[in-house]
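First, the structure itself, so that you have it in front of you.
We call the chains A, B, C and D, going by the order they appear; numbering starts again at 1 in every chain.
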Amino acid sequence: MRYLPHSDAERRAMLDACGLKSLDDLYAHLPAEALFPRNLDIPAGKSEYEISDYFKQQAAKNANGYASFLGAGVYAHYRPVLCDVVVSRGEFLTSYTPYQAEIAQGTLTTIFEFQTMVCQLTGMEVANASMYDGSTAVPEAAMMAARVTGRHKFLVAANLHPEYREVLDTAARNAQLHVEPFGYDPKTGSIDVAGLESKLDKDIACVILQSPNFFGIVENIKQASELAHKHGALLVVVFSEAVSLGLVEPPRDADIVVGELQSFAISPSYGGPFAGIIATKEKYMRQIPGRLVGETKDADGNRAFCLTLSTREQHIRREKATSNICTNQALIALMATVFMSVYGKQGLRELAEQNLAKAHYLAKGLELPFSGPFFNEFVVQPKGRTPEEANAALLEKKIIGGLPLGRFFPELKDSMLLCATEMSKRADIDAVKEVLL
Amino acid sequence: QNESLLFELSHPGKTGYQLPELDVPAVDAAEALGGENVRTEIENFPEVSEVEVIRHFTRLSTWNYGIDLGLFPLGSCTMKYNPRINEAVARIEGLAWAHPYQPESLSQGAMEIAAVLEQYLGEIFGMDAVTLQPAAGAHGEYTGIMLIRAYLESQGNPRRKVLVPDSAHGTNPATAIIAGYEVATLKSNEQGMIDPAVLEAAVDDSVAAMMITNPNTVGVFEENIVKIAAILHAKGAQVYMDGANLNALVGVARPGDFGIDVLHSNLHKTFSTPHGGGGPGAGAVGVKSHLEPFLPTPRLRQANGQWTWDYNCPQSIGRVRAYYGNFGVLVRALAYIMAHGGPGLRKATLDALLNANYLRAKLAPYFQIAYDAPSMHECVFEDTRQEAKGVRTGDIAKRLIDYGFHPYTVSFPMIVHGALMIEPTETESKQELDAFCESLIAISNEIDTDPEMVKHAPYMTRTSRVDEVTAARKPIVRWKP
Amino acid sequence: MRYLPHSDAERRAMLDACGLKSLDDLYAHLPAEALFPRNLDIPAGKSEYEISDYFKQQAAKNANGYASFLGAGVYAHYRPVLCDVVVSRGEFLTSYTPYQAEIAQGTLTTIFEFQTMVCQLTGMEVANASMYDGSTAVPEAAMMAARVTGRHKFLVAANLHPEYREVLDTAARNAQLHVEPFGYDPKTGSIDVAGLESKLDKDIACVILQSPNFFGIVENIKQASELAHKHGALLVVVFSEAVSLGLVEPPRDADIVVGELQSFAISPSYGGPFAGIIATKEKYMRQIPGRLVGETKDADGNRAFCLTLSTREQHIRREKATSNICTNQALIALMATVFMSVYGKQGLRELAEQNLAKAHYLAKGLELPFSGPFFNEFVVQPKGRTPEEANAALLEKKIIGGLPLGRFFPELKDSMLLCATEMSKRADIDAVKEVLL
Amino acid sequence: QNESLLFELSHPGKTGYQLPELDVPAVDAAEALGGENVRTEIENFPEVSEVEVIRHFTRLSTWNYGIDLGLFPLGSCTMKYNPRINEAVARIEGLAWAHPYQPESLSQGAMEIAAVLEQYLGEIFGMDAVTLQPAAGAHGEYTGIMLIRAYLESQGNPRRKVLVPDSAHGTNPATAIIAGYEVATLKSNEQGMIDPAVLEAAVDDSVAAMMITNPNTVGVFEENIVKIAAILHAKGAQVYMDGANLNALVGVARPGDFGIDVLHSNLHKTFSTPHGGGGPGAGAVGVKSHLEPFLPTPRLRQANGQWTWDYNCPQSIGRVRAYYGNFGVLVRALAYIMAHGGPGLRKATLDALLNANYLRAKLAPYFQIAYDAPSMHECVFEDTRQEAKGVRTGDIAKRLIDYGFHPYTVSFPMIVHGALMIEPTETESKQELDAFCESLIAISNEIDTDPEMVKHAPYMTRTSRVDEVTAARKPIVRWKP
């Protein structure tokens, strides 16, 4: 066994030191009825070569060599090689949660930078050291709003990512909290403002909406914020396409911003691992879930960083914690941090501009049911074909088309959600237009 | 030679990126989005070149300690070697670039990987069904408790309380609360174990479940586990197991065989996916068949030789996460299991037990063992002898850094007086363990002769002792210009 | 430009500090007729994405997904991932020749380990810190033998790798030294001992032969050594398949051993970069070309390593150096060092045994013109087809066959050189046998 | 906390490998090879597990300094940033696993890469043809001199002598000798340059070639280069250029335009392939058309849209290396050129010149500049002022390590009295250059106040000053049990 460093002679010597005769003595005290009487039904150990071969074979059964126009929360952006180079360094890859600050300044400093950049991007004042992903960050934000306001109902936009919504539903149901949806405007694809207004009352802990929303459309945050605040509710703004923040005005009027950083060098990886964020105003800092890194000094007076405000957390507060979160997504957050550093202020903007240009070039001339302003994805009705038929035609050209929306929105069963990024090549875009026109 | 923050390295006009030339017409952002929706700039966002980026992060990495540098004996954390082949296979293009919504016909490889892992984990757990959707251990706990609630609800009453031993990880009570339960704490006996008599008295029909860690957080196998499960089951309660310490059991004992109804396993502990400074992990949950209908949607099924996602799960608790879980972590866990195979997994478990017991034997003359009961994969000492000289477990931990090792887990579990909780894992060599013991023994001698010196450690690190109190008192959680 | 860290404002400030007005002033002192009057005819800078795309496109035009039975100096062995992990660490990848020992102990220590393992493998007493490759190491060994013996003729076996021979010819011709070939036994494929003996005289600096030779056959080194030494010549033994050293008795009776470590985790990479070695007896240490690392102490008395015996080298000795070599193959040698560490004593043997087994399984029943004992490659005559025809048939099965030998050995135009390694799968071997039988 | 050698970490019976199960019958080695041909074991070869391997090399790496950690101002070495995209593309499977003997029809991508690189380098050099076969700079020199011999031989007489300036790299005279020539050294003038009058006197019809480095090793452009070439050509001699300093010229001046007949370029310098602790490099050689027929065989040709290797080169000097050169290095060099493009390459050159001149301007008040002539991409100082205090260039270099920088090139070129030869390259930021200058200035002040301290540096490294004298006196070049 290449991962087990003992020779048999060493095992013998160690057993002697323990006063044991055999390895089996190590568990001899277990109750007999708890012991596993046979061997695990798992094939014998494989060599690296075989393992590599197995996964290559599985990969070959997935899509390979296709151009894709799928978005819907998972976006195909170029991943600068530096991101993998940095996270592959053993000092980052094989380290633990930085409880021992003196030998974890590398991780702690990068998280502090991450927190800062998330604030700069979102227009918020504090951000934590990452959540599991965008979907699980939504109930965390909702629960936080419930704690802050002491209220128990959440008003949720129907054009929030449907799977984020499902995750929120699960959490709310168990916590005996109430989720109330409000609709979208069938003309613009934006939230139905009147619908929202009509449902706001003093039980509402927060209004939750996404921008760009699931249809790719940029929402009017100021307006939603004024409405929510008028009724003493918080505004939670969700994003799933972080690249939009390079160009789109951030939700400065929100109270809590949650989102997904997958777009920042995190490979689609069939849905995870990704990295979620939660950011808020300073006044709510002590209600934020999960890890936070703070600046301090060491005994010599030099700047140093450490985990802080851990009295919010489960390992100190136990049943009184703000959340049960323990593991975060440090390595993935580091990947996103490197991505943000590589692109920087100017690059993130140019990247967003290219996404905007590609999507608008793709959209031009197609049948768009919604008129709201969109960033890099949008809803389209293929002409004369169902979305499924259009996708089938595209697959023949080695193109994966858009997401048919009927699955989540029965009223949009003739439509699909299409996305273009800086990686979409003009020739492929033209091929898609040809099929959808 | 401290490293500046990115924001301090930044200078206007520097760039580290280059985009392809745009092959479609540029679009006026204000026109496309509306002027009010276009931001002017990202204020104070860094501007650096590529060479400055790689240097910054490379330099920062040298301030970190990782398994690749040496023993990482954090109790309860199972910091074992992270094989690099696992990193390589997770990056294979057809896996890393698979979109969760790409057609199932073009996702069969990914689905097969998930299916095989579900099967292997079920075999290891002794459970009837497994979900891979939870993103982390605590997320798996949360899923498990919600499964119990849904099951009990389907039986007519979700009940009110969850029992948690006082030795439990903090995530256990926190999880029970967010899943809508009250928490009742159960006191451990003098062996650090659950006392069946105490339990018997505490269980009534308001108890939905008990959350048990086994081996428990003092590294001891709950010898009455079968009896404990029977007591709970007799009262209609479910038994939840926190699988954080599963590394002690793989191939030797199966939770499903000793009375557990549902457990989570941290794939980043037992199955060696990298901790990465705090994540990502994955928290697979295994259940007995009566809980299966409640597992998160969608479920992976096979029909006509094709894998498919089944969304028709009417009793399901719903989703706990978008898409299908931390797939990239699952790939690594499966690669780990394949590398060992059935016999190898058991072999690894025995070496993990051997290493912990070897440490215990060597250190017992110097440090007070917390409980007499036999250790499994970790051993827990208390700092009573050292406290006599005014030195506490936290001081010893910092001094250990000077000897080139990462500290053990400090002051946990809370039921131990000044705990030193040490889990070596099976991937440490005898030489590394010997060097570690010699260091702790040397510190024990230092405490006898110069306790003050130990109390101000570390000395050999680039950062001296960090002031965590000030950090919490006046939190600065972001850089400002 | 992502690799150029100056902003334009900084360039301005730096020019000011230099007392210059513009960047063009920096080369204003060059004679006008030396200045390049136009722009380089090279397309504008490309993004990472485009570069990655370009090379993937080129790679797609090469062989992909073929099983291969080519050897002939470049072998397909599994490359443990640790090898790439180690050489990708910036501290190794981006460091220089370790002239400054105090901040290069990493490189120096690994080279010292490399030198030691090369000695252990070859049965020699000293080895240098690597040569460019196996082919260029041959003339270095020959020149060394000429220096040691003061003689000017080299007797070279005809079954030495033909391209190694060509490299030797080029070097010898320019150095006004003489290369004299001697043949191989057409029955066994080993060297023609009588032919060698008949050509040995007092002008011969060294006898050069390869084992396993180009035909894959293990030579009788002891016999060759006795013959060479009887005439005061040195014996130079060459190897191109390092894996053979896990199982085959090393050339302990040679005076100089040179060879190629490509088999040790170095990717075929269309022929390079590889890593050559040169190893010899201690008495010839001061005649060895290239870098050598030696053990010493630092000022505190701790063990330390440094480059040593540099008075042999060009940067000190200039025209009196033992060679003009300056760059070696440190990073590739490190890759091989990691490979040797991963496999270790037991693994290298098992690896060699698997190679032996695969090749002998492949050979069984085929028409082998030579009877000498072979390791993992051998010469075969396809039945009823030319080698080219057999290869064409194999290509249709997505198999790259053997190297047709007519190109180098007209008398073997009906034969090909076939190789099997631990990566050759039984099904592919069976497919090859079917075509060749 | 020194790291043991692998052999010291080794323990019998440990393994770090696993092979696939053998799917063909095992073979008895003694039977197959003859008992006398089978070795018993590899004596003392290491036996360690995988985790011990990665730890060993990771720990060792932390004793090294690389460009990824900071400025590496070695003069003449052009230690610029090594872009990681180049590493990624060189590892693409279809390139990394290409066998040199696979059919040409299945090698077109590799051949196209080589062809494009030949074309781009020809454009940069101003040369008519390029060979990529040489494995390193010195190997390129060797190839170049052999080309000259072959050409002159074809003209009737290979001649006898090669002229080398006293400022040249040691490889130049060493190369001339192994290529069968005598070396005649030419003295530089008081500007560190070649004096046309001295040259004129030295050239006769026994001179085959002159080897020129331009900019020369004191970082100065040979202002009379056109005249020098004319003098040599007039006597039937060839002009060879050592392209080690080509980083000063790309896009600004082309050797082929100022009279050079043949040059080599170190792709690991100018074109940024990693130095890797000493290699691998690649030494492309460019020639004017009269030398083309003599280039190493095979030559890359295009016919009917397909690339092919042409072995029919009757005048060729033959092979200088097996196969086609260090292809993996060529891939990296091409990726580098593509990333910059024509305009970017020129921009990089100007920044390289700017950085060197900026350093010169900032350091000139403290260190004696060796020659007044304008600097190109590097600047050379002498240690005369510091020598007055008994401190030499080598001491300053070691002290510089304490400030976190790699030293400059020490004591070369030999014509300078105690040279400090500094080449920053274009990939250093102003901030890094400023920090470097401040360090050197601080050392200059230390020399004034405490020269003894400086003479025993470094102090901050894990290894104090290494005793090279003992190493050479009693060489220990391998570990023994």
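Methods note: a contact is a pair of C-beta atoms (placed from the backbone, for glycine too) under 8 Å apart; a residue touches a chain by one contact, two chains touch by 3 or more.
Chain by chain, the UniProt names read as follows: A, C = Probable glycine dehydrogenase (decarboxylating) subunit 1.
Everything numeric here is computed off the predicted structure, so don't read it as measured data.
> Looking at chain pairs C-D and A-D, which one is connected by more C-beta pairs in contact?
Most contacts of the two pairs: C-D.
> Please compute the C-alpha centroid of chain B, do the same for chain D, then give the distance between them in whole Å.
48
> Need the CA-centroid distance for the pair chain C / chain D, whole Å please.
Result: the chain centres lie 19 Å from each other.
> Using mean CA coordinates as chain centres, what's the chain A-chain D distance in Å?
The mean C-alpha positions of chain A and chain D differ by 46 Å.
> Among the residues of chain B, which are close enough to touch at least two other chains?
11, 14-20, 47-52, 54, 58, 62, 67-69, 81, 83-85, 87-88, 339, 427-429
> Two or more other chains in contact with one residue: find those residues in chain C.
Residues 1-6, 10, 44-50, 80-82, 85, 88-90, 342, 422 of chain C touch two or more partner chains.
> Building nodes from the protein chains and edges from chain pairs that touch, which of line, ring, star, complete or other describes the result?
complete
> Hey, which residues of chain A end up touching chain D in the complex?
1-10, 44-50, 81-82, 85, 90
> Give every residue of chain D touching chain A within the complex, in rising order.
11-21, 47-52, 54, 58, 84-85, 87-88
> With touch defined as at the start, can you tell me which chain B residues reach chain D in the complex?
Against chain D, chain B makes touches at 1, 9, 11, 18, 49-52, 54-55, 58-59, 62, 67-70, 81, 83-84, 339, 404, 427-429, 431.
> Which bits of chain C are touching chain A when the two form their complex?
Checking each residue of chain C against chain A gives 2, 47-49, 78, 80-81, 85, 88-89, 342, 422-423.
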